[in-house]
Amino acid sequence: MTTEPVIKADGLDLTFQTNDGPVHALKGVDLEINKGEFVSFIGPSGCGKTTFLRVIAALEHPTGGTITVNGMSPDEARRNRAYGYVFQAAGLYPWRSIARNIKLPLEIMGYPRAEMEKRVEEVLRLVDLEGFGKKFPWQLSGGMQQRASIARALAFDADLLLMDEPFGALDEIVRDHLNEQLLALWARTEKTIGFVTHSIPEAVYLSTKIVVMSPRPGRITDVIDSTLPRERPLEIRDTPEFLAIAHRVREGLRAGHAYDE
Amino acid sequence: MTTEPVIKADGLDLTFQTNDGPVHALKGVDLEINKGEFVSFIGPSGCGKTTFLRVIAALEHPTGGTITVNGMSPDEARRNRAYGYVFQAAGLYPWRSIARNIKLPLEIMGYPRAEMEKRVEEVLRLVDLEGFGKKFPWQLSGGMQQRASIARALAFDADLLLMDEPFGALDEIVRDHLNEQLLALWARTEKTIGFVTHSIPEAVYLSTKIVVMSPRPGRITDVIDSTLPRERPLEIRDTPEFLAIAHRVREGLRAGHAYDE
Amino acid sequence: ADDVTLQLKWVTQAQFAGYYVALDKGFYDEEDLNVTIKPGGPDIAPESVISGGGADVITTWMAAGLAARERGVPLINIAQPFKQGGLQLTCLKESGVESPADFPGRTLGVWFFGNEYPFYAWMAKLGIPTEGGDDGVTVLKQGFNVDPLLQKQADCISVMTYNEYGQVLDAGISADDLVTFNYLDEGVGMLEDGLYVLEESLQDPAFFDKMVRFVRASMKGWKYAEENPDEAAQIVIDNDESGAQTLEHQQYMMGEVAKLTAGSNGALDPADYEQTVATLLSAISPDNPAITTEPEGAYTLDVTDAALQ
Amino acid sequence: MTLVILSLAFWLAAYLFNNWLAKSRWSGSRAVRLAVPAIFGVTVIVVWEGLVRGLNVPMVILPAPSAIATRFAASLDLLWIDFVQTVVKGALTGYLIGTGAAFVTAVLIDRSLFLKRGLLPVGNFIAALPIVGTAPILVMWFGFDWQSKAAVVVAMVFFPMLVNTVQGLADTGKMQRDLMATWSASYWQTLFKLRLPAAMPAVFNGLKIATTLALIGAIVAEFFGSPIKGMGFRISTAVGTLGLDMVWAEITVAALAGSAFYGAVAMVERAVTFWHPSQRN
Amino acid sequence: MKSVLPILTVVVAIVLIWYAAAIPMNAQWARDQAARADTTLTTSELIADTLSQDRPRLPAPHQVVVELWNSTGDMVLAGRGLSNRSLILHAWYTLSATLLGFAIGTAAGILLAVGIVYNRAMDMAVMPWAIASQTIPILAIAPMIIVVLNSVGVQGLVPKAIISAYLSFFPVVVGMVKGLRSPNASQLDLLQTYNASRNNSFWKLRLPSSMPYFFTALKIGIAAALVGAIVGELPTGAVRGLGARMLSGSYYGQTIQIWSALFAAALLAAALVGIVGLIERLMLRRMGMEQ
């Protein structure tokens, strides 16, 4: 591998000023993510997972430390349209059909019309939604909406995909199914993926690297490199190797958790 | 045990008439739940879990078959205030403080004032919320709100507790913690509990009996009696026995699931 | 042709028949004038319209004209088609009012919006306070209709001989059931509809000439209307865009208005002017300072002199 | 001309200053939140004064703010009498009766879907009857004093309040209602413990809309007949006698009273619906 | 359609109450007239009289309906649908001022709302004054607006339209500000991740998501615009339009004429609101926002 890191954070700090005083959302975060990795962020509510993803996406600006994306500042990276971002809720615009939702970033980035059509077709196929382009979001189930929102983030050429609890609102079975599909997609496209989740099995199942975080102040408490093979059937979740990693994650989590918040 | 069943359903049918034609939410459901049991309902979205709980609570009325609660019709049981109901979202009334939210059913049932105060204190302690009585719901985290809503259902003397995905909106760690507490509470109070969930580990961890359901029409496909001991530390989830039950549940679920809906 | 805009004090009705007749019969055309008549209404103060430049000449009552002059709108009377006033106070006989001595303790309807000066002058003359109570009168701001009398909300109301009085009769109350006080007879009459322009415009000879022709044609219209009341009423109806007037009522109005204009050739009689001013000055009160000092140069006879040659 | 230019310059300066304030570090502070609209108001007044003087606008067209202020100060007693007559007697009475009646009606018809379906559209139709037409009729029915003004106000505020309250009473979550059912609560218990508290945000919305309607209604009704006091009486009379400074003094009173009335209701709203997300920023 | 029966029931109830009220309200005049003529009325004569007076305190419903028909449909049949005695013509006068005023008010409202949403200083400065502006009785300043506009040479339709715009802009501002602010943080963030310009975020997000609020505001706004147009007719000489009919009805004691103009105005308002509602439905359906 030619390892110039895609993301490199050094002593990253982010403090929000609020009415109740400062909130240390991130404190001294160091992390490197290499090209083609699938990195999950897991940790209790409020530990700064979302904040970290938002810093990468230049939606928040750190109050200390440095971070580079593809060797640039996050703002430059955003201007270069270096990444796609998938939010927890599908966040499709209800007044646009699925196809037009996927077209939205392309319109903004000024792709030519024919190219847009081609790409929409392509990503719809990629997420198994052929033939649903003309439907409106509310005509689709939650799982399908979420796939559409992933398609939207895939439609333009970004090598980095940031996903903030994309499957949080779905039921376990649908979630399993989408997890399988996401892995397949990742294998096919060789993108780098940053993925926030609350679910330990999900994190273990998907990732090449698991980042465990802990709150107040938000920091990284453990980084676990997965020993699982790249090829992962769903049944892998019943293997001792899988359970061992899950166990380590759970321990890491429990250490950093305050129950009464 | 003197086993007169708390809930007894016989060939229960429930069909909703909608604009798109009839929806068979429940079809030929037979089930007995005995006193002191902890019964989980699991199944894909739309299989009728909520509907079944609502039939028990007399919030819906079956279109066929019979059901008794404590030997009475559900409506009579409701009038006797036979059960407490906990919804997925906490559903606290935002204009009442936590203590006054808990007091609400007591006011409606006409408990004397001193008795009310005593019970509020008691249940707040039971769910680890001492000292939060004066706070308003929005001042509490999601997990604390959910505990308050459980406290509200515990405050009056109902032997039957119906819970519809009470922990669905919480993160895994908080959820684990509440699961432990719920088990402890169940052991202490000897209530009968009907519990809807989407999570296989949760169902297996909590229940003495797991009811697997499948949609279109909503029916019971499997009833699994748990072989786990009553005493259950969290670590039990890594035992082969646990995994075996979980596996059986997952198989049952997958059989009844349609992915592309 | 020269443009002239006339702002009326009230809606299109036979009260202004002379101008509509002049327009309709081409009297203005004969004088090479292109006249636009703007109807008024309860919210239109012609005095402010003219000061804002929205009209060249207006009709208004002399009391209001003089009051405006004192408030900084230098109006000047150039002609006075109405010799007599038509303002009256009408009471239901059954209310028990027979003479002004019966007023104390009564409720009287009065028109405001610049029409209240004669009433206050009269009360001042009678020495009756207007703040209500047993020895005073309770004053109502009467809407521009006769309902308060018909509904017995007031003992007496303001009417014009040519309009509201007829409405009261029309409603089915006979003249015998009414007691009517005419302001002229009570000695507080004031000049009613006259033509007024801004003093400084009149300095302009071209404008002066225009007004001479305007007054000449208007008076011709008035005299024609007096002689052909039914035709005049029809002309008024034709010019009423609101479509709310009835020919019958306008014929009645024309008949009554003719009685008021009959004595005038258009020229203001300075004696009438003096009387109006004297009445106003006799009734100065903090509530109603129509005018506080004797006006100067508030009228000119030059226009009518030139017009009537 | 210089005055005109000066006032325009002032406008520009105030605009830039406000922009700077709003973007500045203190933009969230209470002081700035009060200062910005105040500066805007002062600017309007300064520009108005400058234009009126600079362009020599006649007093009978548009008086300068200074002239209005002078008249205001000189006529305090008169303004007070008018205020009591129009705002206290006319507007406030009508407001209380109208909103109160609408509230009670809403609770009563709320039990019947049939009545709601029938009454609300008809109510909207009746609410569309323009006040300029209804006011003379109500003056004819209820006399010249404040009673007819109150009646006009009742007619104006009744339906907006009714619609809002009915909407509010329906504004409960299914889960919240189901909870009541699981406790087998009675109709009245559900009404008092769930639906009325839940309706409060909508009720106050209605109450706020009704404040401005009440004031306008009471004033406008006086145009169609009144005793010789009251803000509407004074305005219409003063327009006719070219006392434009008095007209604007009354308008100032109306705006002050209206804003204060609105503000007071908004404050009560804050206290009552403290729990609603819109009140928590 | 489910509402037809309830509405009919309510309307019938109102008509019955109305008849019942007309009798006592008009009885006094009937008795007074009888007394003046030195006769007495039997009950049935009294009732007949109260329902057929020329200048009733409360006209009976059928009197209003007959007058409405006489001044609309009947005139059309007689080929005089557009004469100045026809309410249709007057409704048209009012309607034209309403539509122009509504257009001006809506445009101004949208512009102001955009300013408020995109400029913090405007947000803080304007809103309190916009509320205060609505506490000023429009009827009081309408004559002044007319005179001022007159003095700069503007007259005819425009002054009325401006008064009508003054009333309709406020609901539009409030609704549009709410609507333009309705996108949630994550919808806005999404556009940020595309590095979208302000322009993009306005046209592609804020504007479309404000549409439901916009139409609600338009419905309130157009009803307000109609009231404004009617108010604006009074100080312009009350020569034409429904407001003029109401006013002249009042000058000449023609109660029935007032009531028919009133109902014509309310019908017009209902129709306008209905049309806006229809456009809303079509538009939202095209945008896929209505199930």
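Some notes on this structure:
Letters are used for the chains, namely A, B, C, D and E, taken in the order the chains are written, and counting of residues starts over at 1 for each.
Definition applied: a residue touches a chain if its C-beta (ideal position, glycine included) is under 8 Å from a C-beta of that chain, and two chains touch if they have at least 3 such contacts.
In UniProt terms, the chains line up like this: A, B = Sulfonate ABC transporter ATP-binding lipoprotein; D, E = ABC transporter permease.
Predicted model, so just to flag it, every value in this text is computed and none were measured.
Least step count on the touch graph, subunit B to subunit D (ABC transporter permease): 1. Interface comparison, C-E versus A-E: the higher number of contacting C-beta pairs is recorded for C-E.
Subunit E (ABC transporter permease) has its Cα centroid 53 Å from the Cα centroid of subunit A.
Averaging Cα coordinates per chain places subunit C and subunit D (ABC transporter permease) 38 Å apart. Residue numbers of subunit E (ABC transporter permease) whose C-beta contacts span two or more other chains: 57, 139, 143, 147-148, 151, 234, 247, 250.
Those residues of subunit D (ABC transporter permease) in touch with two or more other chains are numbered 61, 136, 140, 223-224, 236, 239, 244.
In summary, the structure contains touching chain pairs A-B, A-E, B-D, C-D, C-E, D-E.
Those residues of subunit C whose C-beta lies close enough to touch subunit E (ABC transporter permease) in the complex are 11-12, 38-45, 48-49, 52-54, 143-147, 150-151, 167, 171-174, 177, 240-246, 249.
Across the complex, subunit A is touched by residues 44-45, 128, 141-144, 171-174, 177, 198-200, 238, 243, 247, 253-254, 257, 259-261 of subunit B. Of all residues in subunit C, only 42-43, 45, 47-48, 51-52, 64, 67-68, 71-73, 112-116, 130, 138-143, 145, 147-148, 151, 153 touch subunit D (ABC transporter permease) in the complex they form. Residues of subunit A touching subunit E (ABC transporter permease) in their complex: 54, 57-59, 78-79, 81, 83-85, 87-89, 91, 93-97, 104-105, 107-109, 136, 138. Those residues of subunit E (ABC transporter permease) that touch subunit C in the shared complex are 29, 33, 36, 54-55, 57, 83-86, 89-90, 139, 142-143, 146-148, 150-151, 155, 234-240, 244-245, 247-254, 257.
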